[in-house]
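Labels for the chains are A, B, C and D, by order of writing; each one numbers its residues from 1.
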Amino acid sequence: MSPYTDVPFSYRRRVRWGDCDPEGMIYTVRVYDYLLEALEAWYLKVLGLDFGGLKYERHMAMPSVRQECQFMKALKPGCEVDLHVFVERLGNASISFIVDAVGDDGSHYLRFNHTACFITLDGFKPVRPPDDFRENIEAYRAAGKRMT
Amino acid sequence: MSPYTDVPFSYRRRVRWGDCDPEGMIYTVRVYDYLLEALEAWYLKVLGLDFGGLKYERHMAMPSVRQECQFMKALKPGCEVDLHVFVERLGNASISFIVDAVGDDGSHYLRFNHTACFITLDGFKPVRPPDDFRENIEAYRAAGKRMT
Amino acid sequence: MSPYTDVPFSYRRRVRWGDCDPEGMIYTVRVYDYLLEALEAWYLKVLGLDFGGLKYERHMAMPSVRQECQFMKALKPGCEVDLHVFVERLGNASISFIVDAVGDDGSHYLRFNHTACFITLDGFKPVRPPDDFRENIEAYRAAGKRMT
Amino acid sequence: MSPYTDVPFSYRRRVRWGDCDPEGMIYTVRVYDYLLEALEAWYLKVLGLDFGGLKYERHMAMPSVRQECQFMKALKPGCEVDLHVFVERLGNASISFIVDAVGDDGSHYLRFNHTACFITLDGFKPVRPPDDFRENIEAYRAAGKRMT
(Lines give C-alpha, C1' and ligand atoms only; values in the text may rest on other atoms or scores of the structure.)
Protein backbone atom coordinates (compact mmCIF):
# COMPACT_ATOMS: atom_id res chain seq x y z
CA MET A 1 0.00 0.00 0.00
CA SER A 2 1.05 3.53 -0.64
CA PRO A 3 2.37 5.27 2.46
CA TYR A 4 0.69 8.62 1.68
CA THR A 5 -2.33 10.73 2.31
CA ASP A 6 -0.92 13.74 0.54
CA VAL A 7 1.92 14.32 -1.90
CA PRO A 8 3.35 17.76 -2.55
CA PHE A 9 5.53 16.76 -5.53
CA SER A 10 5.81 13.60 -7.55
CA TYR A 11 7.88 12.64 -10.56
CA ARG A 12 6.34 10.09 -12.89
CA ARG A 13 8.59 7.53 -14.54
CA ARG A 14 7.91 4.71 -16.95
CA VAL A 15 10.17 1.68 -16.70
CA ARG A 16 12.00 1.45 -19.99
CA TRP A 17 13.28 -1.69 -21.66
CA GLY A 18 16.86 -0.55 -21.23
CA ASP A 19 16.35 -0.12 -17.46
CA CYS A 20 15.83 -3.87 -17.12
CA ASP A 21 18.21 -6.82 -17.03
CA PRO A 22 18.00 -10.34 -18.49
CA GLU A 23 15.75 -11.38 -15.61
CA GLY A 24 13.18 -8.93 -17.03
CA MET A 25 13.28 -6.74 -13.92
CA ILE A 26 14.84 -3.38 -13.25
CA TYR A 27 18.63 -3.53 -12.93
CA THR A 28 19.80 -2.40 -9.49
CA VAL A 29 21.90 0.54 -10.66
CA ARG A 30 19.06 2.07 -12.70
CA VAL A 31 16.86 2.77 -9.68
CA TYR A 32 19.27 5.56 -8.75
CA ASP A 33 18.59 7.21 -12.10
CA TYR A 34 14.96 7.35 -10.99
CA LEU A 35 15.96 8.91 -7.67
CA LEU A 36 18.24 11.53 -9.21
CA GLU A 37 15.74 12.39 -11.94
CA ALA A 38 13.06 12.91 -9.27
CA LEU A 39 15.41 15.05 -7.16
CA GLU A 40 16.55 17.20 -10.09
CA ALA A 41 12.89 17.77 -11.04
CA TRP A 42 12.13 18.66 -7.41
CA TYR A 43 14.97 21.22 -7.30
CA LEU A 44 13.68 22.83 -10.46
CA LYS A 45 10.13 22.96 -9.05
CA VAL A 46 10.84 23.99 -5.46
CA LEU A 47 14.13 25.91 -5.65
CA GLY A 48 13.61 27.21 -9.17
CA LEU A 49 16.80 25.76 -10.61
CA ASP A 50 18.23 22.39 -11.57
CA PHE A 51 21.69 21.03 -10.67
CA GLY A 52 23.21 23.05 -13.52
CA GLY A 53 21.55 26.19 -12.20
CA LEU A 54 22.98 25.51 -8.75
CA LYS A 55 26.47 25.48 -10.24
CA TYR A 56 26.28 28.17 -12.89
CA GLU A 57 23.89 30.66 -11.20
CA ARG A 58 24.58 30.13 -7.49
CA HIS A 59 28.11 28.68 -7.54
CA MET A 60 27.00 25.90 -5.24
CA ALA A 61 26.69 22.15 -5.32
CA MET A 62 24.82 19.57 -3.30
CA PRO A 63 26.88 16.39 -3.28
CA SER A 64 25.37 13.18 -1.94
CA VAL A 65 26.46 12.31 1.58
CA ARG A 66 24.47 9.14 2.20
CA GLN A 67 21.93 7.14 0.24
CA GLU A 68 19.85 4.14 1.10
CA CYS A 69 17.46 2.13 -1.03
CA GLN A 70 15.02 -0.56 0.04
CA PHE A 71 13.87 -2.73 -2.85
CA MET A 72 10.34 -3.82 -1.96
CA LYS A 73 8.87 -5.03 -5.25
CA ALA A 74 10.50 -5.56 -8.64
CA LEU A 75 9.72 -3.11 -11.41
CA LYS A 76 9.18 -4.54 -14.90
CA PRO A 77 9.27 -3.01 -18.39
CA GLY A 78 6.29 -0.76 -18.99
CA CYS A 79 5.39 -0.23 -15.30
CA GLU A 80 4.73 3.36 -14.32
CA VAL A 81 5.55 4.72 -10.89
CA ASP A 82 5.26 8.03 -9.14
CA LEU A 83 8.28 9.05 -7.13
CA HIS A 84 6.93 11.02 -4.16
CA VAL A 85 9.50 13.41 -2.73
CA PHE A 86 9.40 14.22 0.99
CA VAL A 87 11.78 16.48 2.86
CA GLU A 88 12.50 14.70 6.09
CA ARG A 89 14.89 17.19 7.62
CA LEU A 90 16.56 20.48 6.76
CA GLY A 91 19.75 20.89 8.77
CA ASN A 92 22.26 23.73 8.93
CA ALA A 93 24.05 22.65 5.79
CA SER A 94 22.30 19.43 4.86
CA ILE A 95 18.97 18.17 3.63
CA SER A 96 17.44 14.69 3.94
CA PHE A 97 14.79 13.30 1.63
CA ILE A 98 12.58 10.24 1.62
CA VAL A 99 11.56 9.29 -1.90
CA ASP A 100 9.02 6.51 -2.48
CA ALA A 101 8.26 4.84 -5.81
CA VAL A 102 4.58 3.91 -5.83
CA GLY A 103 2.45 2.35 -8.57
CA ASP A 104 -1.04 3.37 -9.63
CA ASP A 105 -2.51 0.51 -7.58
CA GLY A 106 -0.70 1.73 -4.49
CA SER A 107 2.10 -0.87 -4.69
CA HIS A 108 5.22 0.36 -2.95
CA TYR A 109 8.24 -0.55 -5.08
CA LEU A 110 11.18 1.40 -3.69
CA ARG A 111 12.04 3.60 -0.74
CA PHE A 112 15.06 5.87 -0.89
CA ASN A 113 16.70 7.92 1.83
CA HIS A 114 18.97 10.60 0.43
CA THR A 115 21.06 13.12 2.33
CA ALA A 116 22.94 15.86 0.53
CA CYS A 117 25.11 18.70 1.74
CA PHE A 118 25.10 22.33 0.57
CA ILE A 119 28.60 23.48 -0.39
CA THR A 120 30.09 26.50 -2.13
CA LEU A 121 32.26 25.93 -5.16
CA ASP A 122 35.03 28.18 -3.83
CA GLY A 123 36.38 26.09 -1.04
CA PHE A 124 33.98 23.12 -1.20
CA LYS A 125 32.96 23.79 2.40
CA PRO A 126 29.52 23.03 3.85
CA VAL A 127 27.38 26.17 4.03
CA ARG A 128 23.97 27.23 5.24
CA PRO A 129 21.63 27.31 2.23
CA PRO A 130 20.55 30.75 1.01
CA ASP A 131 17.39 32.21 2.61
CA ASP A 132 15.20 31.76 -0.47
CA PHE A 133 16.11 28.08 -0.59
CA ARG A 134 15.40 27.69 3.12
CA GLU A 135 12.00 29.36 2.88
CA ASN A 136 10.91 27.30 -0.11
CA ILE A 137 12.12 24.08 1.45
CA GLU A 138 10.40 24.77 4.78
CA ALA A 139 7.14 25.61 3.01
CA TYR A 140 7.38 22.41 1.00
CA ARG A 141 8.17 20.38 4.08
CA ALA A 142 5.20 21.79 5.97
CA ALA A 143 2.83 20.80 3.15
CA GLY A 144 3.81 17.10 3.13
CA LYS A 145 2.04 14.37 5.01
CA ARG A 146 3.06 10.77 5.17
CA MET A 147 1.20 8.01 6.96
CA THR A 148 3.87 5.36 7.45
CA MET B 1 18.15 25.63 -38.43
CA SER B 2 15.57 22.94 -37.94
CA PRO B 3 15.23 20.67 -40.96
CA TYR B 4 11.42 20.41 -40.70
CA THR B 5 8.18 21.81 -41.91
CA ASP B 6 6.09 19.18 -40.22
CA VAL B 7 6.70 16.64 -37.48
CA PRO B 8 4.42 13.67 -36.91
CA PHE B 9 5.93 12.58 -33.58
CA SER B 10 8.46 14.18 -31.29
CA TYR B 11 9.87 13.19 -27.93
CA ARG B 12 10.90 16.02 -25.65
CA ARG B 13 13.97 15.61 -23.49
CA ARG B 14 15.66 17.87 -20.99
CA VAL B 15 19.42 17.54 -20.64
CA ARG B 16 20.07 16.39 -17.12
CA TRP B 17 23.11 17.10 -15.00
CA GLY B 18 24.06 13.43 -15.00
CA ASP B 19 24.01 13.33 -18.82
CA CYS B 20 26.96 15.72 -18.93
CA ASP B 21 30.68 15.25 -18.40
CA PRO B 22 33.34 17.42 -16.72
CA GLU B 23 33.49 19.63 -19.81
CA GLY B 24 29.88 20.62 -18.99
CA MET B 25 28.55 19.12 -22.22
CA ILE B 26 26.61 15.98 -22.93
CA TYR B 27 28.72 12.84 -22.67
CA THR B 28 28.87 10.97 -25.98
CA VAL B 29 27.29 7.75 -24.75
CA ARG B 30 24.24 9.50 -23.28
CA VAL B 31 22.96 10.74 -26.65
CA TYR B 32 21.97 7.15 -27.44
CA ASP B 33 19.73 7.12 -24.38
CA TYR B 34 17.92 10.03 -26.02
CA LEU B 35 17.60 8.09 -29.27
CA LEU B 36 16.32 4.91 -27.64
CA GLU B 37 13.91 6.80 -25.39
CA ALA B 38 12.48 8.55 -28.46
CA LEU B 39 12.20 5.27 -30.37
CA GLU B 40 10.55 3.41 -27.48
CA ALA B 41 8.03 6.27 -27.14
CA TRP B 42 7.42 6.14 -30.92
CA TYR B 43 6.74 2.39 -30.80
CA LEU B 44 4.24 2.90 -28.01
CA LYS B 45 2.53 5.69 -29.92
CA VAL B 46 2.56 4.27 -33.46
CA LEU B 47 2.61 0.49 -32.94
CA GLY B 48 0.70 0.53 -29.67
CA LEU B 49 3.35 -1.27 -27.65
CA ASP B 50 6.79 -0.63 -26.21
CA PHE B 51 9.86 -2.92 -26.49
CA GLY B 52 8.51 -5.04 -23.61
CA GLY B 53 5.18 -5.40 -25.43
CA LEU B 54 7.01 -6.53 -28.56
CA LYS B 55 8.61 -9.35 -26.58
CA TYR B 56 5.85 -10.40 -24.21
CA GLU B 57 2.78 -9.82 -26.43
CA ARG B 58 4.13 -10.41 -29.96
CA HIS B 59 7.16 -12.63 -29.25
CA MET B 60 9.28 -10.42 -31.46
CA ALA B 61 12.28 -8.17 -31.11
CA MET B 62 13.79 -5.40 -33.18
CA PRO B 63 17.53 -5.47 -32.62
CA SER B 64 19.67 -2.61 -33.89
CA VAL B 65 21.49 -3.34 -37.13
CA ARG B 66 23.24 -0.04 -37.76
CA GLN B 67 23.33 3.33 -36.06
CA GLU B 68 24.93 6.60 -36.95
CA CYS B 69 25.09 9.85 -35.03
CA GLN B 70 26.26 13.25 -36.21
CA PHE B 71 27.09 15.61 -33.37
CA MET B 72 26.33 19.09 -34.68
CA LYS B 73 26.10 21.23 -31.57
CA ALA B 74 26.90 20.42 -27.94
CA LEU B 75 24.02 20.00 -25.50
CA LYS B 76 24.44 21.51 -22.05
CA PRO B 77 22.67 20.92 -18.71
CA GLY B 78 19.13 22.30 -18.74
CA CYS B 79 18.78 22.46 -22.55
CA GLU B 80 15.54 21.06 -23.92
CA VAL B 81 15.32 19.37 -27.29
CA ASP B 82 12.63 17.71 -29.34
CA LEU B 83 13.61 14.46 -30.97
CA HIS B 84 11.69 14.31 -34.24
CA VAL B 85 11.20 10.77 -35.47
CA PHE B 86 11.03 10.11 -39.21
CA VAL B 87 10.62 6.77 -40.90
CA GLU B 88 12.98 6.82 -43.83
CA ARG B 89 12.32 3.36 -45.18
CA LEU B 90 10.27 0.28 -44.35
CA GLY B 91 11.84 -2.80 -45.92
CA ASN B 92 10.76 -6.43 -45.94
CA ALA B 93 12.14 -7.12 -42.50
CA SER B 94 13.83 -3.86 -41.58
CA ILE B 95 12.99 -0.27 -40.74
CA SER B 96 15.18 2.82 -40.97
CA PHE B 97 14.65 5.99 -38.96
CA ILE B 98 16.11 9.47 -39.03
CA VAL B 99 15.87 11.14 -35.64
CA ASP B 100 16.84 14.79 -35.22
CA ALA B 101 17.35 16.58 -31.92
CA VAL B 102 16.26 20.19 -32.36
CA GLY B 103 16.07 23.04 -29.84
CA ASP B 104 13.25 25.56 -29.39
CA ASP B 105 15.23 28.14 -31.40
CA GLY B 106 15.62 25.69 -34.29
CA SER B 107 19.19 24.73 -33.46
CA HIS B 108 20.03 21.31 -34.81
CA TYR B 109 22.04 19.39 -32.19
CA LEU B 110 22.09 15.77 -33.27
CA ARG B 111 21.12 13.62 -36.25
CA PHE B 112 20.71 9.90 -35.83
CA ASN B 113 20.22 7.20 -38.43
CA HIS B 114 18.91 4.00 -36.94
CA THR B 115 18.14 0.74 -38.72
CA ALA B 116 16.52 -2.16 -36.91
CA CYS B 117 15.42 -5.60 -38.02
CA PHE B 118 12.18 -7.41 -37.17
CA ILE B 119 12.86 -10.90 -35.80
CA THR B 120 10.81 -13.62 -34.12
CA LEU B 121 11.97 -14.88 -30.75
CA ASP B 122 11.72 -18.51 -31.81
CA GLY B 123 14.58 -18.78 -34.24
CA PHE B 124 15.83 -15.16 -34.17
CA LYS B 125 15.26 -14.97 -37.93
CA PRO B 126 14.34 -11.78 -39.81
CA VAL B 127 10.59 -11.65 -40.54
CA ARG B 128 8.14 -9.43 -42.33
CA PRO B 129 6.43 -7.24 -39.72
CA PRO B 130 2.76 -8.05 -38.96
CA ASP B 131 0.16 -6.29 -41.12
CA ASP B 132 -1.05 -3.94 -38.37
CA PHE B 133 2.51 -2.75 -37.82
CA ARG B 134 3.03 -2.26 -41.54
CA GLU B 135 -0.17 -0.23 -41.95
CA ASN B 136 0.57 2.01 -38.99
CA ILE B 137 4.15 2.58 -40.08
CA GLU B 138 3.19 3.38 -43.68
CA ALA B 139 0.52 5.82 -42.50
CA TYR B 140 3.07 7.49 -40.20
CA ARG B 141 5.64 7.65 -42.98
CA ALA B 142 3.19 9.26 -45.39
CA ALA B 143 2.40 12.00 -42.86
CA GLY B 144 6.01 13.12 -42.38
CA LYS B 145 7.72 15.93 -44.25
CA ARG B 146 11.30 16.95 -43.99
CA MET B 147 12.95 19.84 -45.83
CA THR B 148 16.63 18.94 -45.69
CA MET C 1 42.78 5.84 6.18
CA SER C 2 41.97 2.44 4.81
CA PRO C 3 39.90 0.34 7.20
CA TYR C 4 41.78 -2.92 6.45
CA THR C 5 44.55 -5.13 7.58
CA ASP C 6 43.76 -7.87 5.11
CA VAL C 7 41.67 -8.05 1.94
CA PRO C 8 40.50 -11.33 0.47
CA PHE C 9 39.17 -9.91 -2.81
CA SER C 10 39.37 -6.50 -4.38
CA TYR C 11 38.17 -5.12 -7.68
CA ARG C 12 40.24 -2.31 -9.14
CA ARG C 13 38.46 0.50 -10.96
CA ARG C 14 39.69 3.61 -12.70
CA VAL C 15 37.37 6.61 -12.64
CA ARG C 16 36.49 7.32 -16.23
CA TRP C 17 35.64 10.67 -17.75
CA GLY C 18 32.10 9.56 -18.44
CA ASP C 19 31.59 8.63 -14.78
CA CYS C 20 31.94 12.28 -13.80
CA ASP C 21 29.58 15.24 -13.96
CA PRO C 22 30.10 18.92 -14.80
CA GLU C 23 31.48 19.51 -11.32
CA GLY C 24 34.37 17.23 -12.33
CA MET C 25 33.48 14.65 -9.68
CA ILE C 26 31.87 11.25 -9.91
CA TYR C 27 28.14 11.42 -10.60
CA THR C 28 26.12 9.87 -7.78
CA VAL C 29 24.47 7.15 -9.85
CA ARG C 30 27.77 5.85 -11.27
CA VAL C 31 29.11 4.72 -7.89
CA TYR C 32 26.58 1.87 -8.01
CA ASP C 33 28.16 0.66 -11.25
CA TYR C 34 31.36 0.32 -9.25
CA LEU C 35 29.55 -1.66 -6.55
CA LEU C 36 27.81 -4.01 -8.99
CA GLU C 37 30.97 -4.54 -11.05
CA ALA C 38 32.84 -5.48 -7.86
CA LEU C 39 30.05 -7.82 -6.76
CA GLU C 40 29.77 -9.53 -10.15
CA ALA C 41 33.56 -10.04 -10.17
CA TRP C 42 33.33 -11.45 -6.62
CA TYR C 43 30.61 -13.94 -7.62
CA LEU C 44 32.74 -15.13 -10.51
CA LYS C 45 35.78 -15.51 -8.24
CA VAL C 46 34.16 -16.99 -5.14
CA LEU C 47 31.07 -18.80 -6.45
CA GLY C 48 32.54 -19.64 -9.85
CA LEU C 49 29.81 -17.94 -11.88
CA ASP C 50 28.64 -14.45 -12.71
CA PHE C 51 25.03 -13.17 -12.58
CA GLY C 52 24.35 -14.75 -15.97
CA GLY C 53 25.66 -18.08 -14.72
CA LEU C 54 23.36 -17.83 -11.70
CA LYS C 55 20.39 -17.54 -14.04
CA TYR C 56 21.32 -19.83 -16.89
CA GLU C 57 23.21 -22.57 -14.98
CA ARG C 58 21.57 -22.55 -11.55
CA HIS C 59 18.14 -21.03 -12.34
CA MET C 60 18.55 -18.61 -9.48
CA ALA C 61 18.81 -14.89 -8.97
CA MET C 62 20.04 -12.65 -6.19
CA PRO C 63 17.99 -9.47 -6.29
CA SER C 64 19.02 -6.51 -4.17
CA VAL C 65 17.03 -6.09 -0.98
CA ARG C 66 18.72 -3.08 0.57
CA GLN C 67 21.66 -0.88 -0.36
CA GLU C 68 23.39 1.94 1.42
CA CYS C 69 26.20 4.18 0.31
CA GLN C 70 28.22 6.65 2.31
CA PHE C 71 30.07 9.17 0.19
CA MET C 72 33.21 10.06 2.12
CA LYS C 73 35.47 11.67 -0.46
CA ALA C 74 34.78 12.70 -4.05
CA LEU C 75 36.31 10.64 -6.84
CA LYS C 76 37.74 12.53 -9.83
CA PRO C 77 38.62 11.48 -13.38
CA GLY C 78 41.69 9.27 -13.48
CA CYS C 79 41.58 8.23 -9.79
CA GLU C 80 42.04 4.54 -9.17
CA VAL C 81 40.36 2.73 -6.30
CA ASP C 82 40.23 -0.80 -5.00
CA LEU C 83 36.80 -2.03 -4.00
CA HIS C 84 37.34 -4.40 -1.11
CA VAL C 85 34.54 -6.91 -0.74
CA PHE C 86 33.66 -8.21 2.71
CA VAL C 87 30.91 -10.66 3.57
CA GLU C 88 29.32 -9.32 6.71
CA ARG C 89 26.65 -11.97 7.18
CA LEU C 90 25.33 -15.07 5.46
CA GLY C 91 21.74 -15.69 6.50
CA ASN C 92 19.31 -18.48 5.60
CA ALA C 93 18.42 -16.94 2.26
CA SER C 94 20.29 -13.67 2.29
CA ILE C 95 23.82 -12.32 2.17
CA SER C 96 25.14 -8.95 3.33
CA PHE C 97 28.28 -7.30 2.02
CA ILE C 98 30.36 -4.32 3.02
CA VAL C 99 32.26 -2.90 0.07
CA ASP C 100 34.80 -0.12 0.56
CA ALA C 101 36.40 1.96 -2.18
CA VAL C 102 39.92 2.83 -1.11
CA GLY C 103 42.69 4.70 -2.94
CA ASP C 104 46.35 3.78 -3.16
CA ASP C 105 47.17 6.32 -0.43
CA GLY C 106 44.61 4.71 1.89
CA SER C 107 41.94 7.36 1.31
CA HIS C 108 38.49 5.97 1.97
CA TYR C 109 36.12 7.22 -0.75
CA LEU C 110 32.96 5.15 -0.47
CA ARG C 111 31.38 2.58 1.83
CA PHE C 112 28.55 0.42 0.57
CA ASN C 113 26.28 -1.97 2.44
CA HIS C 114 24.53 -4.38 0.12
CA THR C 115 22.04 -7.09 1.06
CA ALA C 116 20.75 -9.53 -1.54
CA CYS C 117 18.39 -12.47 -1.34
CA PHE C 118 18.77 -15.91 -2.96
CA ILE C 119 15.67 -16.84 -4.94
CA THR C 120 14.75 -19.58 -7.42
CA LEU C 121 13.47 -18.55 -10.81
CA ASP C 122 10.47 -20.86 -10.61
CA GLY C 123 8.40 -19.17 -7.96
CA PHE C 124 10.71 -16.26 -7.11
CA LYS C 125 10.75 -17.43 -3.48
CA PRO C 126 13.67 -16.96 -1.09
CA VAL C 127 15.74 -20.14 -0.78
CA ARG C 128 18.72 -21.42 1.14
CA PRO C 129 21.78 -21.12 -1.12
CA PRO C 130 23.21 -24.40 -2.46
CA ASP C 131 25.84 -26.11 -0.29
CA ASP C 132 28.76 -25.32 -2.59
CA PHE C 133 27.86 -21.60 -2.45
CA ARG C 134 27.54 -21.75 1.33
CA GLU C 135 30.93 -23.42 1.79
CA ASN C 136 32.73 -21.01 -0.50
CA ILE C 137 31.10 -18.00 1.11
CA GLU C 138 31.88 -19.16 4.65
CA ALA C 139 35.49 -19.83 3.72
CA TYR C 140 35.74 -16.36 2.17
CA ARG C 141 34.12 -14.77 5.19
CA ALA C 142 36.53 -16.48 7.58
CA ALA C 143 39.52 -15.16 5.64
CA GLY C 144 38.52 -11.48 5.85
CA LYS C 145 39.70 -9.05 8.48
CA ARG C 146 38.61 -5.50 8.86
CA MET C 147 39.87 -3.03 11.48
CA THR C 148 37.08 -0.45 11.59
CA MET D 1 35.97 -14.04 -38.75
CA SER D 2 38.25 -11.47 -37.24
CA PRO D 3 39.35 -8.81 -39.71
CA TYR D 4 42.96 -8.66 -38.42
CA THR D 5 46.42 -9.91 -38.89
CA ASP D 6 47.94 -7.55 -36.38
CA VAL D 7 46.57 -5.43 -33.56
CA PRO D 8 48.56 -2.61 -31.99
CA PHE D 9 46.17 -1.99 -29.08
CA SER D 10 43.14 -3.83 -27.78
CA TYR D 11 40.86 -3.27 -24.83
CA ARG D 12 39.34 -6.38 -23.31
CA ARG D 13 35.78 -6.21 -22.01
CA ARG D 14 33.53 -8.76 -20.37
CA VAL D 15 29.81 -8.38 -21.01
CA ARG D 16 28.23 -7.72 -17.67
CA TRP D 17 24.74 -8.65 -16.56
CA GLY D 18 23.74 -5.01 -16.32
CA ASP D 19 24.84 -4.39 -19.93
CA CYS D 20 22.06 -6.69 -21.15
CA ASP D 21 18.32 -6.23 -21.59
CA PRO D 22 15.35 -8.55 -20.98
CA GLU D 23 16.08 -10.32 -24.26
CA GLY D 24 19.34 -11.47 -22.65
CA MET D 25 21.46 -9.59 -25.17
CA ILE D 26 23.47 -6.40 -24.91
CA TYR D 27 21.30 -3.28 -24.80
CA THR D 28 22.00 -0.99 -27.73
CA VAL D 29 23.14 2.02 -25.71
CA ARG D 30 25.72 0.02 -23.73
CA VAL D 31 27.87 -0.78 -26.77
CA TYR D 32 28.97 2.86 -26.78
CA ASP D 33 30.31 2.44 -23.26
CA TYR D 34 32.55 -0.26 -24.72
CA LEU D 35 33.69 2.10 -27.49
CA LEU D 36 34.42 5.01 -25.16
CA GLU D 37 36.18 2.79 -22.62
CA ALA D 38 38.40 1.45 -25.40
CA LEU D 39 39.12 4.94 -26.70
CA GLU D 40 39.92 6.36 -23.26
CA ALA D 41 42.29 3.43 -22.65
CA TRP D 42 43.88 4.05 -26.06
CA TYR D 43 44.45 7.75 -25.27
CA LEU D 44 46.12 6.83 -22.01
CA LYS D 45 48.35 4.29 -23.76
CA VAL D 46 49.22 6.18 -26.94
CA LEU D 47 48.97 9.86 -25.95
CA GLY D 48 49.94 9.33 -22.32
CA LEU D 49 46.80 10.91 -20.86
CA ASP D 50 43.12 10.13 -20.50
CA PHE D 51 40.20 12.48 -21.27
CA GLY D 52 40.68 14.16 -17.88
CA GLY D 53 44.37 14.71 -18.65
CA LEU D 54 43.41 16.28 -21.99
CA LYS D 55 41.30 18.82 -20.15
CA TYR D 56 43.31 19.49 -17.01
CA GLU D 57 46.88 19.18 -18.39
CA ARG D 58 46.51 20.27 -22.02
CA HIS D 59 43.36 22.44 -21.88
CA MET D 60 41.93 20.57 -24.84
CA ALA D 61 38.99 18.34 -25.60
CA MET D 62 38.14 15.89 -28.35
CA PRO D 63 34.38 15.97 -28.81
CA SER D 64 32.72 13.35 -30.99
CA VAL D 65 31.83 14.56 -34.46
CA ARG D 66 30.38 11.41 -35.98
CA GLN D 67 29.88 7.85 -34.83
CA GLU D 68 28.65 4.76 -36.57
CA CYS D 69 28.04 1.28 -35.23
CA GLN D 70 27.29 -1.90 -37.13
CA PHE D 71 25.79 -4.61 -34.95
CA MET D 72 26.93 -7.90 -36.46
CA LYS D 73 26.35 -10.45 -33.74
CA ALA D 74 24.61 -10.13 -30.37
CA LEU D 75 26.73 -10.09 -27.23
CA LYS D 76 25.42 -12.04 -24.22
CA PRO D 77 26.24 -11.94 -20.50
CA GLY D 78 29.68 -13.36 -19.78
CA CYS D 79 31.03 -13.03 -23.35
CA GLU D 80 34.48 -11.51 -23.59
CA VAL D 81 35.57 -9.38 -26.50
CA ASP D 82 38.67 -7.53 -27.53
CA LEU D 83 38.10 -4.05 -28.89
CA HIS D 84 40.81 -3.49 -31.48
CA VAL D 85 41.55 0.18 -32.05
CA PHE D 86 42.72 1.33 -35.48
CA VAL D 87 43.49 4.87 -36.53
CA GLU D 88 42.00 5.23 -39.96
CA ARG D 89 42.93 8.85 -40.60
CA LEU D 90 44.62 11.75 -38.85
CA GLY D 91 43.46 15.03 -40.32
CA ASN D 92 44.45 18.62 -39.60
CA ALA D 93 42.17 18.85 -36.57
CA SER D 94 40.38 15.54 -36.58
CA ILE D 95 41.03 11.86 -36.05
CA SER D 96 39.04 8.86 -37.28
CA PHE D 97 39.07 5.44 -35.66
CA ILE D 98 37.75 2.03 -36.58
CA VAL D 99 37.10 -0.08 -33.51
CA ASP D 100 36.13 -3.73 -33.85
CA ALA D 101 34.78 -5.96 -31.09
CA VAL D 102 36.03 -9.49 -31.71
CA GLY D 103 35.59 -12.66 -29.64
CA ASP D 104 38.23 -15.26 -28.81
CA ASP D 105 36.91 -17.50 -31.59
CA GLY D 106 37.29 -14.68 -34.12
CA SER D 107 33.59 -13.77 -34.16
CA HIS D 108 33.09 -10.18 -35.19
CA TYR D 109 30.40 -8.61 -32.97
CA LEU D 110 30.58 -4.87 -33.53
CA ARG D 111 32.27 -2.38 -35.83
CA PHE D 112 32.48 1.27 -34.82
CA ASN D 113 33.59 4.27 -36.81
CA HIS D 114 34.39 7.22 -34.60
CA THR D 115 35.55 10.67 -35.64
CA ALA D 116 36.56 13.27 -33.08
CA CYS D 117 37.86 16.80 -33.38
CA PHE D 118 40.72 18.41 -31.44
CA ILE D 119 39.64 21.71 -29.87
CA THR D 120 41.11 24.12 -27.35
CA LEU D 121 39.08 24.94 -24.27
CA ASP D 122 39.55 28.68 -24.73
CA GLY D 123 37.42 29.30 -27.75
CA PHE D 124 36.28 25.76 -28.52
CA LYS D 125 37.82 26.05 -31.99
CA PRO D 126 39.27 23.13 -33.96
CA VAL D 127 43.06 23.04 -33.70
CA ARG D 128 45.95 21.04 -35.04
CA PRO D 129 46.95 18.49 -32.39
CA PRO D 130 50.27 19.12 -30.59
CA ASP D 131 53.36 17.60 -32.19
CA ASP D 132 53.86 14.91 -29.57
CA PHE D 133 50.28 13.71 -30.15
CA ARG D 134 50.80 13.74 -33.90
CA GLU D 135 54.01 11.73 -33.70
CA ASN D 136 52.57 9.12 -31.38
CA ILE D 137 49.43 8.78 -33.46
CA GLU D 138 51.33 8.44 -36.75
CA ALA D 139 53.61 5.82 -35.23
CA TYR D 140 50.59 3.90 -33.95
CA ARG D 141 48.86 4.17 -37.28
CA ALA D 142 51.87 2.87 -39.16
CA ALA D 143 52.01 -0.21 -36.92
CA GLY D 144 48.44 -1.32 -37.56
CA LYS D 145 47.37 -3.81 -40.19
CA ARG D 146 43.86 -4.79 -41.03
CA MET D 147 42.80 -7.35 -43.63
CA THR D 148 39.19 -6.38 -44.36
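Simple rule for what comes next: a contact is a pair of C-beta atoms (placed from the backbone, for glycine too) under 8 Å apart; a residue touches a chain by one contact, two chains touch by 3 or more.
Because the structure is a prediction, the values reported are computed rather than measured.
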Identity of the chain that, by mean CA position, is farthest from subunit D:
A
Going by the touch criterion at the top, tell me which pair is linked by more C-beta contacts: C-D or B-D.
B-D
Could you work out how far the Cα centre of subunit B sits from that of subunit D, in whole Å?
24
How many angstrom lie between the CA centroids of subunit A and subunit D, rounded to a whole number?
36
Let me have the rounded angstrom distance from the C-alpha centre of subunit C over to the C-alpha centre of subunit D, please.
29
So subunit C residues touching two or more other chains come to 17-18, 20-23, 28-29, 33, 36, 51-52, 77
Parts of subunit D lying in touch with subunit A, wherever the complex brings them together
17-18, 20-24, 27-29, 77
Any idea which subunit C residues touch subunit A in the complex?
21-23, 25, 28-29, 32-33, 36, 51-52, 55, 61, 63-71, 74, 121
With touch defined as at the start, can you tell me which subunit B residues reach subunit A in the complex?
16-18, 20, 33, 36-37, 40, 50-53, 76-78
